[in-house]
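Labels run A, B and C following the written order; every chain starts at residue 1.
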Amino acid sequence: MKDANVKEKIQRLLISNAVPIIFVLLSAVAIPLSGFTPQYLIQEMMTRVARNSFLVLSLLIPILAGMGLNFGMVLGAMAGQIGLILISDWSVSGLPGMLLAALIATPIAVFLGWICGTVLNRAKGREMVTSYILGFFINGLYQLAVLYGMGKLIPIRKAELVLSRGYGIRNAINLQGIRHCLDDLIPLKIGDMSVPLATYLVIAAFCLFILWFQRTKLGQDMRAIGQDMAVADSAGIPVERTRIIAIIISTVLACYGQIIFLQNIGTMNTYNSHDQAGMFAIAALLIGGATVARATIGNVFLGVVLFHLMFVVSPMAGKQLIGQAQLGEYFRVFVSYGIIAISLALHAWKRQKDRERARRSLRGQAA
Amino acid sequence: MASNEPILRLEHVGKEYFGNRVLSDVSFTLGPGEIMGLVGENGAGKTTLMKILFGMPVIHQTGGYDGKIFFEGREVSFKSPFEALDAGIGMVHQEFSLIPGFTATENILLNRESTRYNLLVEVFDDRLRTLDRPVMRQRAQRAISTLGVEIDPDTLCSEMPVGHKQFTEIAREIDRSNTKLLVLDEPTAVLTESEAEILIKAVRNLAAKGMSVIFISHRLQEVIDLCDKIVVLRDGHVVQEAKTCDVTVRQIAGWMVGRKVEESHREEGEVRSFGPTILSVRNLWVDMPGETVRDVSFQVRQGEIFGIGGLAGQGKLGIANGIMGLYPAGGAVELNGKPIRLNDPEGSLRAGMAFVSEDRRGVGLLLDEGIDWNMAFTAMQIQEKFIRPLLGGLVKWRDDRAIEECANEYIKALEIKCTGPKQRAVELSGGNQQKVCLAKAFVVRPEVLFVSEPTRGIDVGAKKLVLDTLRRYNREYGTTIVMTSSELEELRSICDRIAIVDEGRIAGVLPAQTPSEEFGLLMMGEIKVSTEEKVKACE
Amino acid sequence: MNDKLRSFIEAAGWPRVIIGLFLLSLFVAAPFVGVRVDTSLSDTLVRVGMNGVMVLALVPMVQSGCGLNFGLPLGIIAGLVGAVTSIEMDVRGLPGFLVAMAIAIALAVVLGYAYGLLLNRVKGDEMMIATYVGFSSVALMCMAWLLLPYKSPNMIWGYGGSGLRTTISVQGYWLKVLSDFMSFNVGPYFYFPTGMFLFFALMCFLMWAFFKTKTGTAMTAVGSNPEFARACGIDVDRMRIVSVVLSTVFGAIGILVYQQSFGFIQLYMGPFYMAFPAVAAILLGGASVNKASLLNVIVGTFLFQGILTMTPSVINSIMQTDMSEVIRIIVSNGMILYALTRKVQVKR
């Protein structure tokens, strides 16, 4: 009897953590294939975790509030990029530059987050598709502003930022001025590897913020809404307003996350950098074992490590295996999308099963 | 335990919905620490009365109410549930309003949590105060103890037995420091016998501490055991207000269902003869949320009109739904001696049964499509009527002209008011929609026709036509009809026999001419006192 | 008169009316900015014929309640496999096209069936999962195109010797094999691809006929009210699978029609975003998330392709810049957004 229980527990553990387990196995195969040294991989992971974690952390709060995966985080990324364009134009460099960019971008992010939240409130039950399409739509407006508005309606002083035709921002902007400004703020070297300590401190502070937030009344309200909107509403919790607040917080955090991301990379692809920000962050979170309804800080870090491990290792592994690096690259694209598809499907399937099980519990005792 | 000043007084309270009067001249009083039982059939007005008391927005949106309500001596008129809550009226509804993943403490204090101040409140929002969990736990524990039950405040609601969920809901109302009147709507519906006993004891505890209680239940035994006084509603009137110790069970039953004997629609001197058993049901259970059927057995004779009645939520609606495969079911059902496979709507339809559902708009109609589609659909899919086979039977072409002709026939026969057979079903009135649903069943020419709540929500003229049509089909074509309805008089006017369902089981089957109060007794659950004696000794 | 106008606008919806007027104004403005109306009209008509069948492919799944088929790339992949296999087999002209269709349809049935099974397990979340199933399959096929053991010199990378190229020309095989059939020209600038339109009309007819059959009627009921359908004995899951298979098959046929007119087969990331223009087009034509008609398809495709054709030429001439891409993004996504945020209305 006890054995059956233990077996059942192990089974359930395996199923609910299926995704990270698959990834660990995949990595175990691919890493030796790729031929990278452990040292190289650890350095890479350290850099990438510092660079990407903030973005992934920004997804946690909408999940808490029951709004699913916030594909609209690209709106925050776009706001951050506008801030960076402006400080590049005004030649403000170093940490002050980064802070100024964040300062300028914040009201834009709040505004975009408010739009996103309002739109999502009108599409209850379809939040994820809607935020996904909204991302594309706002991308269109962003291009309108940056490709046509800047230089014409919004004055840009530096000629090297602008396209040859006289207006519109160039495809790639050099962020040399703020490059590594946060990463190198507190220099730390362990052996050969350099550790971006300041960035890690910021991330740690943010994690503490999230943990504390869940203990506030607002966090509790979001948890209530996330589980049952109708009950929360009848208890007097302002459901619509709280949902919008959740999205605004997420968007602003994504904005800062994108700024941190770009200060590490050092160049900004004006029209593409934000595109993948949402996709990769969501894929990473899901790979870490999160679901559409539940995500923890542990999921974030596990996911970032596993996702980027695969990212770095696939092209070389593909090359060794088949002789084409291209294959490895396509493989990691396939895995990114496939993992989201599987996670969404698993979540929807589980929701259906839960509904059926809840109905069955109402059945009375048959004769 | 009543003192002088009643805590609640209703004077001539009434309510009308767009010309349809559902409550009139309701007056009663309730003292502090007094427990009042509110009893009545479906449609008697209990729910509407509670909606008025609790300030539900729908009352205000549909023209308000007549009469006056006095709470603690002052006249009140609540425009929202929150006003009622603030004034001190708590209500525990039938459906649980709990967050499954929260603990008992968190649910009891939902949106009223104890909090601590911190600096960020200045910058952002009042809601950034941190929850003070130790204080919260204390408050929850206090509420639970007041009830006199044993629940660990840290248990998750999703892992609680049903009884504890009910107690958590009540604890939530008690935690509000100023609750003076508690309304409990069918609180024991989902409890086991032992849990119900605990609940009754807990409510007595509360009343002893000064809380007034309105206890709505159809289980008369509980009402007898618990309440100090009883108010019986029928057709929107207070039929009787009395102390429980002054009345007998038979009297209560009579007040609940008795009406002036109506003209029976039966023709004078009609002798009804029936064939052999056409439908046999044994140990049927149906998993229909809200209308669970536990163990039902009955038999219907060919040519009979068989009625199924009972109070709402007791399971009568589940029977037809289960037999027609719309909800998970089990048991043994036979039609003409041949077993029917359950959980298979197609099978039930092909066997020769048809169903007019109580859920007109949800299940009975394609609102976006025309009347003609709605009427012809079942026959087209099950019996391949209105189909023209093309290419040697490979292609089953829909014969729109035949569908339209058929629709026109029924529009005339049932006097359906519409602009034509292509008018969309959503645009019809309730009565006409119901006629379309009936037509859909008639087109199939079933041997056994299940009809649930055939006249719910339709006007008087349409009601008569629907019932007359059913009788005509039964007399002319010999269709056996099984009719489920919450209106006892309707059943008595048209059926030959009537079964009453209580708690998912058949409480009894009686000939339709039996006096109403016998049916009333069947509806009220198991009673331990003899029906003729006074229910309990007065103090 | 005012009442009639108001009821027309109410029925059509403000976005449609606005975009229709916008398109009309573009056509009117065209001659004044040096853009030939006949070329524009011809281009628009050609694009309507090219894209029409793919938009048509969305109808079955909308009607059966599976939502907008963002997983259309799955059908497109079936079509691509059919196309490259037909070229590998070196069959030319109309027979080549028919071989491609045959292979594509067969594969589409298999893929559609598996896809339908998946969607049945995730009722209520179909659209999101459809999107990612579409993306994953395109990415998976990227790997497949690299590994496919095809050898036709028309398709292989120049040096390297294995793996298919990104873009493959169909010239010499079945380029414009439908379009040129009974086509005619009016002056040097107006070309009417009669054959392609006849084929599009044939596809529309088949779809229309399907919904007039017993199965098609049942499918409409499933999308309109699944509880009603179930109570009438219809196997809802089976109907949904049939609709998904139909949708995938029409998607496969649609990409072949597109390619014979366009002249190129686009592999790898080509099909990635192809569902979105089709979805935007049908929504523009008046469809909702659970109801679509042939009229929606035709009107929507015309409006959408009209905007796509006219906006670059006219606006670029006026403002001397190329804003077509941005306008396309805003219009198509805005349209989808509008449909997603509408409360389920009972009025058509």
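The rule is short, and it goes like this: a contact is a pair of C-beta atoms (placed from the backbone, for glycine too) under 8 Å apart; a residue touches a chain by one contact, two chains touch by 3 or more.
Not measured: the values here are computed from a predicted model.
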### Query
Considering A-B alongside A-C, which chain pair is linked by more C-beta pairs in contact?
A-C
### Task
Compare the CA centroid of chain C with every other chain's and tell me the farthest one.
B
## Note on the structure
Cα centre of chain A to Cα centre of chain B, whole Å, reads 48
### Message
Could you work out how far the Cα centre of chain A sits from that of chain C, in whole Å?
### Response
32
### Query
Can you name the residues of chain A that touch chain B in the complex?
212, 215-218, 220-221, 223-224, 227-228, 230-232, 234-237, 359-360, 362-367
### Query
chain B touches which residues of chain C in the complex?
209, 212-218, 220-221, 224-225, 227-228, 230-235, 291, 346, 348
### Query
For chain C, which residues count as touching chain A in their complex?
70, 118, 121-125, 127-129, 131-133, 135-136, 139-140, 142-143, 146-147, 163, 276, 321, 323, 325-326, 329-330, 333-334, 336-337, 340-341, 343
### Task
Over in the complex, which chain B residues touch chain C? Could you list them?
324, 326, 345-350, 355, 357, 359, 362-369, 373, 377-378, 380-382, 384, 387, 395-398, 400, 426
### Query
Which of the residues in chain A end up touching chain C in this complex?
119, 122-123, 125-126, 128-130, 132-134, 136-137, 139-141, 143-144, 147-148, 165, 322, 324, 326-327, 330-331, 333-334, 336-338, 340-341, 344-345, 347-349, 351-352
